[in-house]
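In structure tokens below, several structures.
In what comes next, chain A is part of two complexes: it sits with chain B in the first one and with chain C in the second one.
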Partner chain A sequence: MKYVDEYRDREAARNFARAIARITTRPWAIMEVCGGQTHSIVKFGIDELLPKEITLLHGPGCPVCVTPLELIDKATQIAARPEVIFCSFGDMLRVPGSSIDLFSVKAKSGDVRIVYSPTDALKIAQENPGKQVVFFAVGFETTAPANAMAVYQAKAQGLRNFSVLVSHVLVPPAIEAILSAPDNRTQGFLAAGHVCTVMGYEEYIPLAQKYHVPIVVTGFEPLDILQGIYMCVRQLEEGRAEVENQYLRAVRRKGNVPAQELVTKVFCVVPRKWRGVGEIPQSGLGLRHEYAEFDAEQRFGVAAYTAEEDSECISGEVLRGVKKPHECSAFGNRCTPEHPLGATMVSNEGACAAYYRYRRFEQRVAAATKSES
Partner chain B sequence: MAKPFTISCPMPINPSEVVTLAHGGGGRLMHQLLENFVIPAFRNEMLEARHDGAVLQVAETRLAFTTDSYVVSPLFFPGGDIGTLAVNGTVNDLAMCGARPLAISTAFIIEEGLPFDALKRVVESIRVSAEQAGVKVVTGDTKVVDRGKGDGLFVNTAGIGVIKHKSAIAPASVKAGDAVLLSGDVGRHGVAIMAVREGLEFESTIQTDCAPLTAPVQAMLEAGIEVHCLRDLTRGGLATALIEIAESSRLHINIEEEAISVEENVRGACEILGLDPLYLANEGRFVAIVSGKDAERALAILKGHEVSSRASRIGVVAEAPASLVTLESCIGTRRILDMHSGEQLPRIC
Partner chain C sequence: MCLAVPGKILSITGEDVLRSGSVSFGGINKQVNLAYVPEAKVGDYVIVHVGFAISIVDEAEAKQTFEYLKQMGDLEELGPAS
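Up next is the complex of A and B:
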């Protein structure tokens, strides 16, 4: 298949791996920011091809994983109301809140629907004037334009029965939070290709300069990721700290300007809580005052609700690349995709879930070898 | 940044108090439901075999017996409808026992308000599919429920078939060194249903692969192929079927991604939606685990039947690591295939 097969070519992948090994002279820790990249790395076993000096750290870029507990609780509270049709992307349904997930709300007679686009939710609102339709607007900069468009159109059409529960987060503040933490291990970043398709990459230049860290905008196919790692290692070895673009076929320097304008029209930058990390200033998007009437938190009176996040789960450290999933004592026993202790075990893009799905093989082989010897 | 962030994550474990849709997805949660609530109540050796159907000894004859319910929405989709599924699903469960299907029952649960035209189309599909599969519909039942208490039409079928061969076709018969054969491309039924249900449009219409599988299976058995295990790939897809076999047999199955055929439009849909074709539902595909020495001959027989003309050898059975399925990826690395919790969920971005 075009645009897929050529980026999954076995020989080309080996060539890139050899090229990376050739230029690597000492250990480097590189973080892929986006959950989609984490998923690819683990699914295709890309890190198995790398020299042992290169450590890949899995970053905070899984929207499902970083959505805070209290927002899941607000979602389940709203979705349980009899007058509400609650629309969400599929993978949010399984994320447990304090006591219940959206799947269980649906099983207990809540009208919860999976949609593929926020405009589908808008259509449901048009078709059900007697119901309140709420869309769970989750994600990074990638999903923000479509979500902004839904709210923009709702206002233009005077739709009174549509609102959004917003949990938008931004990548650059998360990178800054990681770099400024005292226990930071990350020396270079693979920036999220699709986020940059929307936003461009100029906003990463001050970060690269301030923290003297290379940032390579990278795609999602195996060869994209290998090339991104190659470019990042080359910068590290040469002592450079620049923003480079590996994902040339999708990303332009300034990004998608009309999409950015729409996002700015509907949303403004606000502080956001990140699950497992805590509040990061100026790290998310909220509805502008002009669009406040579409804020589901206000409409359903849940704005003031808060929930404490506290347990043995180390997903905060996983999300910041300080620890690997299998370094957690609960991994694979008390914490599994069926019974997740933390959000990183829930989503396919979550680092713990990815390790659980694809990597127990190695751990079981290792355990078996140990018991035999 | 001035403020270091506090590290706390978390989520409590909260097992559901009620049945959720994910319990019906053919994944780990459904297995838990069966293990915790169903199998303990009826414990017997036939149920313990956890096969698609039960094998009963009646006087001198071995009979295969199975049942299945069909709740697909929408009722009609490209390449088939609930009627074709109801016949072929049960016929294929019998075929996977190595049985030649004899007869099936058909029970309808109809929601008040279903147009007669829809019922007529489904009944006609059942007639045609039964004829193609060589079974008779010999008994049945009809119930009508209040509007809003059914999804148009639910169908249940049960079937019996005769087993002529002497072999035990079950995960317990699988041995190290066996070959894993796949009867054709995977994922079409799952994508066809999702496309219609969600109003997704692709360049070409993706049709279900729904078809009876008796002929290629019987041909292998009649040719004396040493068939150790058969599994049709329904909910949960190829990956789940292989994981079930690996777990029941306590053996290791390794498959090669490049040997597994997925049609280009199905792959495209999967890439867009973030789905894995190895976990998508099929209604006319099966895996056959046969003795390594018979693999080439079995493959030739499968290729001689239209329904399995694109059969391929996708992997091999080994002793260890036990109970695991691994996949060699297109770039030559290896990962495990794990059973999903419930149905696959489309990703956010």
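Up next is the complex of A and C:
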């Protein structure tokens, strides 16, 4: 496929890795803040191509993973109602709530449907006027324009049986939360390419300056990631802290302005809870007052519900790059993709699931055997 | 979750928020909302996320990764950095 295959060239990847090794003189810790990049890094073994001085930390870059427990509970409560058709992206269905997940609701005859796009949910609402159709609007800035469009069109069409359960989060406040934590290890960031496709990258400039960290807007294919790491290491070695753009073929400095305009029309910035991290001020999107009638939390009376998270799961530390997945005592035994304790093991893009799936499990066993001997 | 895939626009219909088009992803065609890329034309490659085109692929910039690599190779041939 054009614009995909050529960025997976093995020889070019080795050349980038050699170039990174050539300019690296001391240890550096770089964090990617996108689950798609985490998945690529582990799947293609990019971290294993790098010199041992470079540590890649996998940040809170998966909206599925950071959706708070209480919101999953709200989703299952709404989905279990007989008048509701609950529509969601597929990866939310297995995320464990306090007691059940959306798949279990579906198994117990709840009408839970996987959709590819929020506009599919809108269509289901048009076709089922006797039902309440709820769309689980999760995502980062990348998904916000699509979700905003569904709500905007629902209002324009006067659709009274459509609403959204919103769990939208924003990347820059999460980066700031990581950088301002006392145990922060991250020295440079790969910013998420598709988030910046929508938002541009000007909002990262004050962060790079305030915390003196390089931030490189990076794509998703192996060569994109290797080039992003190269650009980040070069800045670190030269003592620079700038925002650079590796993903030039898709990202413009100001982002996608028409998309930002519609997002701003429908959503406003609100505080959000992040699973494993806690509440981060001004870190998410909620519906504007003018669109409040489409808020599923209000419509189904679940807004006030709260829930506490499991204490054994260390996903919060994994998401902040303080710990690696295999440093968790539950990893690979009490916690697996089939029986996840926390969300980083559930989603394909979660660091724990990626480590488990691509054999990083064996490394932990090997390390444990070594330390025992 | 933020997965987005490049595809080629085959045809365009509708206007404003309902502007959409048929987009080919390596031979598989899907209907995609094009409201956020008003300047996109038939034949352009767009980056598509959950049924919405969010950017037009810049063909010239798409080559820069390989040029960057070539430049690094040229530097290497000049000898180690001093």
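Definition applied: the second predicted complex is superposed on the first by the 361 of 373 C-alpha atoms of A that agree within 3 Å, B and C clash if a C-alpha of one lies under 4 Å from a C-alpha of the other, contacts with A are read in each partner's own complex, and residues count from 1 in each chain.
Basically, a residue touches a chain if its C-beta (ideal position, glycine included) is under 8 Å from a C-beta of that chain, and two chains touch if they have at least 3 such contacts.
As the structure is a computational prediction, the values presented were derived from the model and not from experiment.
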(message) With both complexes superposed on chain A, which partner does A:280 reach: first (chain B), second (chain C), both or neither?
(response) first
(message) By the touch definition at the top of the document, which applies to A:337: first (chain B), second (chain C), both, or neither?
(response) first
(message) So in the superposed three-chain picture, is A:126 touching just chain B, just chain C, both, or none of them (first/second/both/neither)?
(response) neither
(request) Once the structures are superposed on A, label A:224 by its partner contacts, choosing first (chain B), second (chain C), both or neither. (result) second
(message) After the superposition on A, what does A:194 contact: first (chain B), second (chain C), both or neither?
(response) both
(message) In the overlaid three-chain picture, which partner chain does A:258 touch, first (chain B) or second (chain C), both, or neither?
(response) second
(message) Let me test your reading of the model: by the given contact rule, A:249 touches which partner, first (chain B), second (chain C), both or neither?
(response) second
(message) Which partner chains sit in contact with A:118 here, chain B, chain C, both or neither? Use first/second/both/neither.
(response) second
(message) Going by the contact rule set out at the top, does A:142 touch chain B (first), chain C (second), both, or neither?
(response) both
(request) Between chain B and chain C, pick out the one touching the greater number of residues of chain A. (result) B
(request) Please write out, lowest number first, the residues of chain A touched by both chain B and chain C across the two complexes. (result) 1, 4, 36, 63-64, 89, 91, 116, 138-140, 142-143, 194, 347, 349
(message) Residue numbers of chain C touching chain A in their complex, please.
(response) 1-6, 8, 17, 25-26, 33, 35-38, 45, 47, 49-52, 54-55, 57-59, 61-62, 64-66, 68-69, 72-73, 76, 80-81
(request) Flag every residue of chain A that touches chain B in the complex, lowest number first. (result) 1, 4, 8-10, 13-14, 36, 42-46, 48-49, 63-64, 69, 89-101, 103-104, 106-108, 114, 116, 138-140, 142-143, 176-177, 180-182, 194, 222, 274-281, 309-311, 313-317, 334, 337-344, 347-349, 356-361, 364-365, 368
(request) Quick one: which bits of chain A touch chain C in the complex? Just the residue numbers, please. (result) 1-4, 6-7, 12, 15-16, 19, 22-23, 34-36, 62-64, 89, 91, 116-120, 138-140, 142-143, 145-146, 149, 152-153, 156, 192, 194-195, 197-198, 220, 223-224, 227, 246, 248-252, 256, 258-259, 262, 347, 349
(message) Quick check: in the complex, which residue numbers of chain B touch chain A?
(response) 1, 3-22, 28-29, 32, 198, 200, 264, 267-268, 271, 273-274, 320-321, 324, 326, 329-336, 338, 340-342, 345-349
